[in-house]
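You will see subunit A twice below: alongside subunit B first, and alongside subunit C after that.
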Partner chain A sequence: MLMLNNVSKKFQSSPVLEDISLTFENGVYGLLSPNGAGKTTLLKLITTLLFPTSGEILWNGQAIKELGADYRGILGYLPQSFGYYGNYSPTRFLKYIAALQKMNKREAEKKIDELLELVALSEVKNKKMKRFSGGMIQRVGIAQAMLNNPKLLILDEPTTGLDPKERVRFRNLIHRLAQDRIVILSTHIVSDVETIAKQIIMIKNRHLYCCETPSQITQSVQGKIFEVPAGYALTPEQLLLSERESHEGHLLRIASPVAPKEGVEVRPNLEDAFLYIYRDEVGAVAANHSI
Partner chain B sequence: MNRVRKNSPLTQNEKENSITFILKEVDLQPATFRSFLRSYFQEVGFRYLFWGMGDILFIIGLLLIGTGIMYFSDFHYSLENDYSNKVYFTVFMASPLCYALLYFIGIWKEKLLGTFELKMTLRVSLKELLILRMLAFSGISLLVSVGTNIFIWQLLGQELSLMRLFSLSFTSLFLFANIQLLLEYKIPIHYSYWVTPMIWGVVGVLLIWQQEKIAQLLFYLPLSVVSGIVLGLLFLFMYLLRHNYFMQKEGTITYANA
Partner chain C sequence: MLRIIPFEIRKLLEQPVILLFFIASLLLNTIFIATAGVDQSYVNYIQQTEAKTGTLISSEFQETLSNQPASKKQQRLLTETADQENIFQDYSTEALGQEMIDFFQIDGSVTEKMKKKYEKLTPVVHELAEEQAALEIGRAEETMNIFTFIKDRLFHVVLGESLIFALLLGLYGSTFERLTKTEVLMVTSKTGRNTQGSKYIASFILTLLFYGMMIMLTFGIFNYVHPIGTLWQTSMSTQFHTNFYFPHFLETYSLEIPFITWQPMTLLNYMVLSIGLGGLLISFCHGFNFLVGLWTEHFFRGFIIFVVLYVGFLGLVHIINQFSWWNIHALLMWHPISLWNKQSYWFTEMGPYAVIPWQESIAMVINLFLLGVGGILTSKFYATKEVK
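Coming up: the complex of A and B.
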């Protein structure tokens, strides 16, 4: 079990995360926040790359900072920008990672073959990685993170560069893996975690906004999501979520505190909730785009 | 129903019994620097220490040969004009070059490839690898120094003191390595890989600026004193490496864009 007790992090004097308390048990946790909310900082704190300014992080009751190599031995980590040695093959690279994880040589070889099969790279396992596509590199990254059969798997934006088919395959894989381990998956793509996450963690204004199931988060915007015709003029308190084409014509999906006159209430999804919760940030991004 | 739990503190005897029981059950083995070195070489092996550094070793080899060729004519000129203190000064300045290049280019490559942070989270972390590499680089640099010094000594007609060449070489090598380790303590990793080479650049310029005085000092310093300094610096190097191993330091090279 991983516990974060009142964790805060400051860079120089500016706070990035404040008073974060979380408990993780086996299952997938989706860390879902807009860019710049502090997701990567939180993951770096959990991977011991950063130390909390205050608070503590415990693995099975022991401070991870004190556990050192023992903690790193149960950790699998895929960083946001996964680095690799282009002149080496995936097999050779994974053998190197296995050696640094102090894995038994025979077990490592078996595990490498299994993982390369799992991430559909068996055909190119002895080819140099510099010729690989972004998606293939990302799959090597996923394989290296799972190499030591980690009890705690941390994936920072893991679906970057994956095509839709690979994305689905990856989601299923993570769901399966999470049966007997903690998987923390950071993303700003809602569909990555909507169906597989046991809980969704959201950070807003440096604080923990929520850690709830996707359905609980969706419930929070129940009765606030509507579809209106394209010509509808939005009031300041209403938020445009998305647009779609239907047999009734062009429709706007909006969040509104009260039912609009021409609006039809629709069932909210996690993306609606995400956009509604981060409406200030979404508004700021939209404003920047319109400039 | 009374849900309040009665909190009865343990007696001193019970506490001691508990501690004795825990100590008996748990196989407590203190982590030592020696056990770290032993376990690395037993469980991981020497071959992975320089993994991915083949190109770096090749480039540094070429650089060192190039530097040697460049300075050779200068050496001859110095000796013919009885400027042997200049030769000692050059040897003193150039001796940490191999170590410095291996260390900085190694870190720079990890940063360039983006493998730095990933390797910091492995059981044998990059921080530990760097400590082992520093140890190995010092050994390699010593061998390179010995070879180069014998080569210079032979080429210049065995007129210089070989012992002085060795001791000055080793002094500057371990002086550099120790100050580098001290800088590592003080400067956060996320900018140490470019700040420390700059500091060394400034130090190099200052030393060249005061070249005459330093060359005189290196020439007249008694050999026994220099040898003593070498030994002292060698022990300090081992101590600082050990200290670096136990020191906890943030391992990120990039801060989040927060």
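Coming up: the complex of A and C.
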């Protein structure tokens, strides 16, 4: 069990995360926040790349800083920008990672073959990675994160660069892996975690906003999501979520505190809840784009 | 750790710049050797003649030499060896010390230290006198040219190349993962931040390998192009080989004194010792820059810091010399940069560049000890260093 107790992190004097308390058990946890909310910082704290300014992080009741190598030995990590050696083949790269993980040589070789098969890279396992596409590199990254059969798997934006087919395949894989381990998956793409996450963690204004099941989060916007015709003029308190084409014509999906006259209430999904919760940030991003 | 080191060595070896630097250095040294300007025919003549005359200049030597077939080389050797005597007989090291003090206008407490140092040189000079080291023929007046070329130019160049290599590999070894953005994978692995230990050993092995190979190949090529044979067994203190001191900033006149080492040495012994001390200097340079890399986290930033420190130190020495602040000057001579700059005086009395016997060797050990302390402090810093 991984536990964060009142964890805060400051860079110089500016706080990035404040008073975060979380408990993780086996299953997938989706860390869903807009860019810049502190997702990567939180993951870096869990992976010992950063150290909390205050608070503590415990693995099975022991501080991870004190556990040191024992803790890192059960950790698998795919960073946001995954670095690799262009001249290495996936096999050679994974052998190096296995050495860093102090894995038994024979076991490592077997595991490397299995993982390369799993991420569909067996055919190019001895080719230099500098010729690989972004998606292929990301798959090597996923393989290296799973090499030591980690009890705690941390994935920071893991689906970046993957095509839709690979994305689905990856989601299924993660769901399967999470049966007997903790998987923390950071993303700003709602569909990555909507169906597989046991709980969704959201950070807002440096604080933990929620850590609830997707249905609980969706429930929070129940009765606030509507579809209106394209010509509908939005009031300041209403938020445009998305647009879609239907046989009734062009429709706007909006969030509104009260039912609009021409609106039809629809069943909310996690993306609606995400956009509604982060409406200020989303608005700011939209404003920046329009400039 | 042992399992990771071969990976790290291979990773470094695969950098094309390493092979290019090695080839370029070897090529430069070969050109240097080819243009050495050694009078090889005269060297060969003495080599053949000394088999008959012996290696010590004496009346018998002169007689046997006179009986050799007449030639220009024979005449030259006769002239160069005429009137030679055992200069270390009745040689006063106290007078030498005073001459040094006067020449450099040394003042303050350093004067006393210098006098004491030259007093300690007396037993060495007695030993040299007994061994008749000054009368060793070597290669007569060609000896100076060859000795100077080997120790002050060829070895200096090899040492310089190896120091540059050590600097680059030290910095590169500790910043490589940052350049490839793989640092996070390394730090979050079971080995974690300790991987830097394997990186240190890997880059250190390659640095020593470069130095060792460069020494072997360069001196191998030298011996092939300019075979000097028994000259390797000639005393460094033969009177055909002298030590020169120049006053600061003025090289128009100099002080020429016998080449006196703290222990009588042949050219071979001297070079073996120099290679050993050079190895320690290279180890220091590699270690220092490895630590600089860990602190700065960036290859080029680390390189700039090194250059600034180096240039800053030379500037400081320049100012100190101008004001003749001998106490500070004496202190600065313990610095590794000074050890490198004064390499041609290693193991000798070192004139104004040392206040105690064997100062360069003692200074090197102290510097390595301080580096070790720096290493311990850095490992403590690095154990909790954040990777942003």
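The working rule: the second predicted complex is superposed on the first by the 291 of 291 C-alpha atoms of A that agree within 3 Å, B and C clash if a C-alpha of one lies under 4 Å from a C-alpha of the other, contacts with A are read in each partner's own complex, and residues count from 1 in each chain.
To be clear about the criterion, a residue touches a chain if its C-beta (ideal position, glycine included) is under 8 Å from a C-beta of that chain, and two chains touch if they have at least 3 such contacts.
This one's a predicted model, so the numbers in the text were calculated from it and none came from an experiment.
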item	value
Overlay on subunit A: subunit C relative to subunit B, clash or fit	clash
Partner chain in contact with A:Thr160 - subunit B first, subunit C second, else both or neither	neither
Touching partner for A:Gly36 - first (subunit B), second (subunit C), both, neither	first
Contacts of A:Asn149 with subunit B and subunit C, given as first, second, both or neither	neither
Partner chain(s) touched by A:Asn269 [first = subunit B, second = subunit C, both, neither]	neither
Subunit B versus subunit C as contact partner of A:Ser8, first or second or both or neither	neither
Contacts of A:Ser191 with subunit B and subunit C, given as first, second, both or neither	neither
First (subunit B), second (subunit C), both or neither touched by A:Thr47	both
Intersection of subunit A interface sets (partners subunit B, subunit C)	11, 44, 47-51, 69, 72-73, 75, 77, 79, 81-85, 96-97, 99-102, 144, 148
Of subunit A, residues touching subunit B in the complex	11, 16, 35-38, 40-41, 44, 47-51, 65, 69, 72-73, 75, 77, 79, 81-86, 88, 96-97, 99-102, 144, 148
Contact set on subunit B toward subunit A in their complex	43-45, 48, 51-52, 110, 113-125, 128-129, 248, 250-252, 255-258
Subunit A-touching residues of subunit C, taken from the complex the two chains share	3-4, 7, 11, 14, 177, 180-192, 194-195, 384, 386-388
Subunit A residues within the subunit C interface of the complex	11, 44, 47-51, 68-69, 72-73, 75, 77, 79, 81-85, 87, 95-97, 99-102, 144, 148
